[in-house]
Every structure is written in structure tokens, then in C-alpha cells.
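Shared between the two complexes below is chain A, which has chain B as its partner in the first and chain C in the second.
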Partner chain A sequence: MASILTNLFDGVAYGMLLFVLACGLAVTLGLMNFVNLAHGAFAMAGGYICAVLVNNSGWPFFAGLPLAFVGSAVIGVALERTLYRHLYARSHLDQVLFSIGLVFMSVAAVDYIMGSSRVFIKLPAALEGQIDLFGVGIGRYRLMIVVICGLLTLALQLILAKTRFGSRLRAAVDDPRAAIGLGINVPQVFAFTFAFGCGLAGLGGALSAEILGLDPYFPLKFMIYFLIVVTVGGSSSITGPFLASLLLGIADVAGKYYVPKVGPFVIYTVMIVILLWRPNGLFGRTAAR
Partner chain B sequence: MTALSDVSTHAMASARWRISEVAFWVLALACAFLFPSRYLIMTDIVRLGLFALSLDLILGYAGIVSLGHAAFFGVGAYSAGLLALHGIINEPVIALVAAGLVAAVLGFLTSFLVIRGVDLTRLMVTLGIALLLEALAERFSDITGGTDGLQGIEMQPILGLFAFDMFGKTGLFYSLIVLFILFLFARRVVHSPFGLSLRAIRNNPLRAAAIGIPVNRRLIAVYTLAAFYAGIAGALFTQTTALASLDVFSFERSADLMLVLVIGGTGYLYGGLIGAVVFKMLQELFQSITPQYWLFWIGLVLVVIVMVGRARIHRWALFVPNLIIRQFAGRNAAAVPEGDAS
Partner chain C sequence: MFNRRKMLLWGAASAVLPSLCASVPAWADDAVKIGLILPMTGGQASTGKQIDNAIKLYMQQKGDTVAGKKIEIILKDDAAVPDNTKRLAQELIVNDKVNFIAGFGVTPAALAAAPLATQAKIPEVVMAAGTSIITERSPYIVRTSFTLAQSSTIIGDWAVKNGIKKVATLTSDYAPGNDALTFFKQHFTAGGGEIVEEVKVPLANPDFAPFLQRMKDAKPDAMFVFVPAGQGGNFMKQYAERGLDKSGIKVIGPGDVMDDDLLNNMGDAALGAVTAHLYSAVHPSATNKDFVAAYKKAFGNRPGFMAVSGYDGIHLIYEALKKTNGATDGDKLIEAMKGMKWESPRGPISIDPETRDIVQNIYIRKVEKVDGELYNVEFATFEAIKDSGKTKK
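So, the complex of A and B:
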């Protein structure tokens, strides 16, 4: 019983991590309809920024996390202004090719600068080990991930639903032309959203170094996970991708733990069944756009 | 002249063999005789060209963006390897067709997943299928050899007459003949009414359905055909190298393939073949500059191609050849594809 709950908790932590990693993609891909396969590259950038600051410059881990966010967001906005914005109106094939090119470049560049072996971030002692909660062993690090990601999700939901910026973004996504007509600066909203999504990915990358492993091939290895989160979750809200991430995280952890022989197939099978049942994702709207 | 006969004369005119096409194949054959020391790399190019031709059928003609075309390549490669290893079908040509058919069956089954949903879902499903197969091949290592790959494959002579030699001469001519036959068939297919209907679907599925084209059935058919081609390419890989390893399924293989096709141009059959030649040359060049980091340069090429615009690059590249062709064959002759997929 206790091991089931521990696994469930690990799955939830894993899923929440995936959500933070992928929710930026849910916006660019799901809402702005831009196929950005290079999303994992921003996560990797955040992870490596944090690793360099903590391991080489001796920063505390909790100071490295915000900088991972800021660093990835800055890279994101620079690329958005110079390259990405020219491609919003292009075909999906162009977008796919472009972002695969970016992934390849980032993989080789990180390999060149940082070496090809896996990187670990030094954790403070307070985050190591387990605590015992009603007989259920819970990893401290995973608990921290659940807390941080849970707060982020709440904040995102509030920003999207309650703030002026949130309503501008929703308007810009629903109908860019009408939004421009109402005086909303749509390119600016998109650029800001893109940067914010990249920042979140960077934060997720820094947090995931301990659990998913951080090496130059990170963007390629987790590309399919991000795509699953967005396609299964649909794009109507951030609740969809959130639930999809949790489902994916729990299914993956449970699959690897209980049926290790067929572990990797569990998520693919889940994905195929869901898509046969609901081609537009669990919470998707109809394929009108 | 009625509209119908107008369409058919147009289609027949575009299906006629041009001088430039004949020249292309003569040149390909001449290369095979002229550079006896380069058999292996030329076989590589022929194989890649066939693989790219297969992707072109679904991407260039039907407009399906696939990130996991290596799945069919891999299935073909392992089928051919297993058939030869266990001596089930010893004759390479029959084994080749059998491997292609295995890939085609897989293509038929997965096509139902692929035709559902939009571009995004297709990307994920195609990528997921390739990854799933890679994981399967790794898991059932007692059959596939796992990470070591299939070892100890011995190929019997082709048709019982031509043995594979260590310089790859037989392999090259074998691959070239297979490519030519399959190319002829693909050429017939894309110029047929079936091929025209595919282009209609690519340009606008809704309108295509409105004029009575059974969109889903056509997509399933061409996806299965493309899987067959990719399976043959994979089987050729195994037969000419006597090797099949896990990397036949890798994502890099699918991504490289898109680059090949994009370099050559989508939506006309020579795109994949020309792209394969250029890609291999680029790869050799980059690997000689930076052996370890050539992936970076490949990525840069992709980004530059997209930023400059695919159509514009092809116009530049074909400017001089077109000038020459026009000198000899009159105003309207050109090697430019009539329509680039967008």
C-alpha cells in the first residue's frame, strides 16, 4: 500500500515537472499554432545555466533556479525577435524543419561547450533523502518539485483567467485580426508569451536535471513527451495539458515500476488509445483551426 | 476542346519523358562505371535516394508531414536481415520484396492512426511509432540482437548468379536497378489520375473531398505505398551492408531524410535523388571539417534553407541549368518542378 502511494507521488512529481517543461509549448503550439520542436532546447539551456552557476560559480541552488528562468527567457525572446516571428505564417513543414535545425545546432553546441556526459547539479543537503509522512516515504526533492510546480500552475491559471494580460493573450489567440483592431499589440503579446514559456521550460530543465538527467541529447529524448502532453491535453486551456502531464507522469512511473518488461510501451499505448478515441486530444476543441 | 480532354492532354504532356530525365539516368549509370573506388558511398546515395523518394510520395504529393519515416526503413532492414539470417528466404530479390511487404503491412495498419487528426497529431503519432519500434527492437534482443544489432548475416548471390563482393560492385548495381524500377513505378503512379488526386488533397483536402475524391482511402493507399518503398530501402541497407542495428529506427535518420528531401525539393520525384547526392556531399564535407560536431552544420543548413525560403533557393540553384536547357530545348523546357509543396 505504502509503495503504491510512494509511486503515485513520484508519478505526480514527474507529471508536474513535465507540465512545467511543456506548458510553454502548449501555448506556442496549441494556441499560436506554431510547431516548435526546439522547445526542449530551451529547457536544456536552463538546466545548463543552473548547472554552471551552482557547480562552477558556487551559487546556492535556489538562486540558480530563477536565473535559469531568466536566462532561457532571454534566449527565447532573442530568438523570437530575430528568427521565430518570420515563421508564424509559414507552413508546418517549414516550422518543423526550422525547429529540428535549431535542435541539432543546440545539441552539437552544448556537446562542444559542455561535453557529452550527463551533468548533475549539486543539491543542498536539505533536499536529499526522504521524509516519512503517515508511513509513506516521500522524497524531499520531489516534494519540492510538487510544491513549486503546483504554485506555478495556480499562478498561470490566475494570470490567464484574471489579469488584463491574460485576456489580451486569449483575445490575440482567438482572433489575431480582431485583437489588432481593438488596439492590442499582438506581436508584443506573442513575444512576451513565448519568452515566458521558454523561461518556464528553462526552470523545468533546471529542476529536471536530478530526475530526468541532463545531457546534450535532452531536447531529442524528451521531444515526444512534450508533444504527447500538448496533443493529448488539447489547447483550450492549461488544465488540459496539466491533466495530460499528470496522466503521462503517473502512467510512465507506474509502467516502469510494475511492468518493467513492457515499461516504455505503456505511454505509447495510452497515447494511441486516447488518440483513437479522441483525435483532438482529451480536452481539445474541434479541429476548426 | 472540353475541360476533361484538356486535363488529360495536360497530364499526358507532363508525363512524357524529357531529355533532362534521360540525361539524369545516363549520368547516374556513367558514375557507376567511372568511379570504381567509390562503390560504397554511391550505394549509400542510391539507398538514401530511394528512401527520400518514399518520403516524397507522402510529403511532397500527399502533404503528410512525418517525423518517423525511419520506422518503415527499420522494419524493412530487420525483416531482410532476419529472413537471410535464419535462411527463410535465401534469394535476395524475393527477400527484398518480402521485407517491403512487411513494411507495407505496418504502413497500412498505422495509416489509420496517421490520417486521423491534424498535422500536429500526425507528427506525434509518426514519431511515436518509430520510437515504439526502436524500444521493441531493443526489448526483444533475443530476436533482434539488441544494441549489438543483427550479426552474421550472409547474403546469397542475387538470382543465384551475382555474388555480393567486398568492394560493393554488385551491391551498387543491384541497388541502382532496384531504384530505377521503383522509380519507374512511382513515376507512373504520380502521373496517373491517382497521383493527380493526391495533389488535389495536398492543396486542399476539403475541396478535394467536395469534388468526390475519397480523401482517406487515397491517403491510406499512398501511405502504404510509401511504407513499401521505405521498407525496400531498409532491406537494401541490410543486404548491401550485411548489418542491421538499432539506429535504423533513430529519429536522426527521419530528420536527415527530411533535410535530403528539402535540399532536393519536395513534390517532384527527382528531388529525393538530387537531395541524396547533395546531402552526402555536404555530410562528407562537414565530417572532414569537424568530425564530431557535424550535426551543428546540418542544423545550420536546415535553418538557413527555411529562413531564405525553399522556393527561392531552388530558383537560384536551377538558374544556370535552366538557362542551358532553354538554349537547347526551347523556351518552355525547364528542370524546375512545376509546383513545390508548401
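So, the complex of A and C:
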């Protein structure tokens, strides 16, 4: 019984982590209709920024996290202004080629600067080990991930649904021409959204170093997971990818625990079944409208 | 058809060669070229860098002339992709006319070059790849690294003798991982041990949590672990996070997981892990202390077992050339290498004259803190271990 709950908790934590990593992609892909395969590169950037600050400059871990967010967001906005915006109107194939090229460049650059071995972020002692809650082992680090990601999800949902910026963004996405006509500065809204998505990826990258491992191949290794989350979740809202992440996280952990021989396939089976059932994802566009 | 064409080619080549040789300029006689093929980029790059560093260090220390010949190293990067290895080896042999090919970060790379070494009749010195079969693939292959069987069987033997009865295994699902598992299981169960749980983890595994939980619930005395060197740190961290260290489940395994190169980054989670391996940077010998000090001074970090394998590899080449008086005939060089014995930083080693594979001590080590840094401290020695993957046959 205790290990079922521990597994459930691990699955939730893993899913939450996937969500923070992938939700930026859901925004660019779903809301801005831009296929950005380089999303993982921003996550990696965040991870390395945090690692350098914490390990080399002696910053506390909790100060490194926001800076991973800010750092990735700044890189994101710089690239958006210089490169990405020229490709918004281009075909998806162009976008894919461009962004995968960016991935390879980022891999080579990080390999050159930081070396190819795995990097770990030094954690404060308070985050190490497990706490025992009514006989259920809860990893402290994973608990922190659940808390941070839970709060983020709430905040994101509120921003999108309740704020003026949220409504501008939705307007800009639904009909950019009409939105411009109404005086909404669409390029600015997109730039800001893009930067925010990159920042979230950066934060996710910093958080995931401990669990997924951080090396120069991060963007390639986890690209597939991000894409699964977005395809399964559908890309028209935040709720879709969130539920998809949770589902996949739990399915992955449970699969590996109960049927270790086929464990790694569970996540893909779940994806295939869901896509057969709902080709546009759990909360796909056509389903929502 | 193909063979006949090949024969024709060889015939033509041998007809042309003597006339070519006559016109070769004088410098070719006093230079020995070594084609070094290593992964200098990609996931295995740390292996390549260590070997390259060690060879540079050796040549700084011993000079670049042996038996009157100048040694010239030509370094090529294959990124551990066997297709590249083959192409590069071919280029080195045909265009650069190298006298040795050396390096080889992974098993498929070493195997890809094997037929070329046979055809060109030049020694292939394997400095990293660790699968048993490699030296059987060409009579010109000599190995200075290790085989996985050497460390995995020894840790199995050691475990049964030291009160470990029940073991759960966690190995990455790829050739070296499966090798390690098979050899460990053979020796551990033959000694009366019991495997209570066997989990193969996918190679590109993002999160160990569910597998570790399974290990914890199986309540073994120890868990046998083999994951690619880079994943060792993540593994040990999650092992500690889950409290497996406190529940008395020890970590044992072949020493690749606790590579000196990575050990210090793993944090205190790695403390107490017991592994069997050929080299530790704190091996207590004067030769090793000098080696470690020189390596640290030159490159700023400590050498791992890959560096030692490279260092011994180039040493073997130097000594073989001394023995042949600088002659670069492949068969003579291989003859010279067979049975060679010397004191390496890792301890006494030799080249098995029958298999051309390395014979070396395997040490049982425990991760401890020495001067604020993590090291594998050796506490038991199994002497002159041959590759049991081959001695069986």
C-alpha cells in the first residue's frame, strides 16, 4: 500500500516536471502556431545557468532557480527578436528545419563551453532525503517540485483566463489581423509570451537536473517527451498539457514499477491509445470549439 | 567476384609498392606514426579527452623519440560512431601510412577497425573499449584497458564471501550492461548467492525512481549496479534520496560507475559504494602518486581509469618499438608486445601472450572522503586477473 502511494507521488512529481518543461512548447505550438523543436535548448540553458551560479559562484539554490527563469527568458526574447519572428509566417517545415538546426548548434556550443559530462546542481541539505508521511515515503526534492509546479500552473491559468494580458494573447492568437486593428501590439504580445515560455523551460531545466540529468544532449533526449505532452494534451489550453503530463508521469512510473520489462513502452502505448481515441489530444482544438 | 577483384587489387598494390618504397623520402624511415582514433565529441568525449591527455603527458615525460624514431600522433575524432571509426582508420592506414592504430572509445568502434588492422597487418591498440570478444577479432589487436568480465566476476566473488546473500540487480539494457550482469550472476550464484530481483533499465532512462522503489521493496542485502558512467551520479543521488542507504542496501558493482572523473560531482550520496575495478586515483604506489600529480599539474583534474589505459597503451607502443629496435613490421611488434610486463600507475600489469588481452589486478574499493574529496579507497586485491570471458572457452 505504502509503495503504491509513493509511486503515485513520484508519478505526480515527474508529471509536474514534464509540465513545466513542456508548457512553454504548448504555448508556442498551440497558441502561436509555431513549431519550436528547440524548446529543450532553452530548458538546457536554464539548467546550466543555475548550475554555474550555484556550483561555481556559490549562489543558494533557491536564488539560482529564478535566475534560470530570467536567463532563459532573456535568451528567448533575444532569439525571438532576431531570428524567430522572421519565421512566424513561414511554413511548418521551415520552422522545423530552423529550430532543429538551433538544437544542434546549442548542443555543440554547450559541449564546447561546459564539456560533455553530466552536471549536477549542489542542493541544500534541506532538500535531500525522504520524509515519512503516514508510512509513505515522500522525497523532499520531489515535494518541492510538486509545490512549485502546482503554484505555477495556477498562476498560468489565472493569467491566461483573468488578466488583460491573457485576453490580449488569446485575441492575438485567434485572429491576429483583427487584434492589430483593435490596437493590440501583437508582435510584442508574442515576444513576451515566447520569452515567458522559454523562462518556464529554463526553470524546468534547472529543476530537472537532479532527476533527469543535465548534459549537452538534453534538448535532443527530451524533445520527444515534450512533444508527447503537447500532442496528448492538445495545445489549445494549459489544462490539456497539464493533465497529459500528470497522466504520462503516473503511467510511466507505474509501468516501470509494476512491469519493468515493458515499462519504457507504457508511455508510448498511452499516447497511441489516447491519440486513436482523440486525434487532437485530450483537449484538442476541434474538441474545444 | 568480389574476392577476385580484391586479389587483383592487392596484386597490383604489391607490384607497385616496392617501386614506391624506393622513392619514399628519408624522413619516413625515422618517423613512427600512430593513428589515434577517439571520441573527442559526443557523449563519450570524456573518454577521448582522458586518453588524449594521458598520451600527451607520457610523451612530455618520456620524449618523442624511441629507438631513434620520432613518434608522431595523428588524432582523429570518431564521436564513438563505428562508421566514422572505420572510415578514419582506412584513411589513416592508406593516406597517412600509420604504423599503429590506437584508441577506440567503445566496443563497436574497436570492432569496426579490426578487419582493417588484419588486412594492413598493423597493431591495433585498444585503450578503452571493454567487451571480451574484441581481441579475438584480429590477431593484431592488443588491449590495455580492461574487460567487463574482469571486474564483474570479481565483485560477484567478493560479495558472496562477505556476507551478501541476496542481491537485486539494476543494469542498463545494452551490451556492456548485459555483459556485466551475466558475469556477475554466474559468479555470485555459483558461490551460493541469490538474485532476488532483476531489472534492466532502458539506456535513455530519464528517471530511476520507479526502479529504485522496486529495489527497495525487494529488500536485498545489496544491489548490483551497472549504468553508463554519466548516469552514475543521477543514480546515486536518487538512491540516497529514497533512503536506500539508510535501509542498509549497499551498492556494489563494476567500478565504471564510480569513475574518478565523475565521482566528486556525485556528492556524499556515493559514500560507501563498493566496486571492483582496475584503477583508483588513490592507488597507494609511488608510480601512481607521480602519475596523478603530473596529470593534475598538466590538466587540472584527476586522471580516471581511461587515462591510465591510454598511458599504458602508449607505453606499450614505446616498449614494443624499443624491443624491435625501431622496426615497424606489424607481426614483430605484436610479438614484442605479447607477454610484456610492467608497473603501471594501476599496479603490476602484463599482456597475455595467448589472448593479447590485459592481465591486471582487480581491486575492491569503497567510496570514502580523503582530504575533502571523494575517492575509491582500495581495501582488497585480487591479483593478476585474466579475462574470464575468454578463459572459459
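A few remarks follow.
The rule is short, and it goes like this: the second predicted complex is superposed on the first by the 286 of 289 C-alpha atoms of A that agree within 3 Å, B and C clash if a C-alpha of one lies under 4 Å from a C-alpha of the other, contacts with A are read in each partner's own complex, and residues count from 1 in each chain.
Everything below uses one rule, namely that a residue touches a chain if its C-beta (ideal position, glycine included) is under 8 Å from a C-beta of that chain, and two chains touch if they have at least 3 such contacts.
These figures come from a predicted structure and were not determined experimentally.
Once chain A of one complex is fitted onto chain A of the other, the partner contacts of A:211 are limited to chain C, with no touch recorded for chain B. Of the two partner chains placed around the shared chain by superposition, chain C is the only one that A:14 touches, whereas chain B remains out of contact. Contact with chain B, but none with chain C, is seen for A:105 once the two complexes are overlaid on the shared chain. Contacts of A:28 after superposition on the shared chain: neither chain B nor chain C is touched. By the touch criterion stated above, A:153 is placed in contact with neither chain B nor chain C. Judged by the touch definition given at the top, the superposed model places A:36 against neither chain B nor chain C. In the superposition on chain A, contact of A:268 is made with chain B only, not with chain C.
Chain A residues in contact with chain B (one complex) as well as with chain C (other complex) are 108, 111, 261, 264. Per the touch definition, chain C reaches chain A in the complex via residues 41-43, 45-46, 199-200, 202, 204-207, 209-211, 213-214, 216-217, 230-231, 233-234, 237-238, 240-243, 261-262, 265-267. Residues of chain B that touch chain A in their complex: 59, 65, 67, 113, 116-121, 123-125, 127-128, 131-132, 135-136, 139, 251-252, 255, 258-259, 262, 266, 292-296, 298-303, 305-307, 310, 341-342.
Those residues of chain A whose C-beta lies close enough to touch chain C in the complex are 3, 6-7, 10, 14, 108, 111, 115-120, 122, 128-130, 137, 139-142, 210-213, 215, 217, 221-222, 225, 252-257, 260-261, 263-264. Across the complex, chain B is touched by residues 29, 35, 83, 86-87, 90-94, 96-98, 100-109, 111-112, 220, 223-224, 227-228, 230-231, 261-262, 264-265, 268, 271-272, 275-276, 279-280, 287 of chain A.
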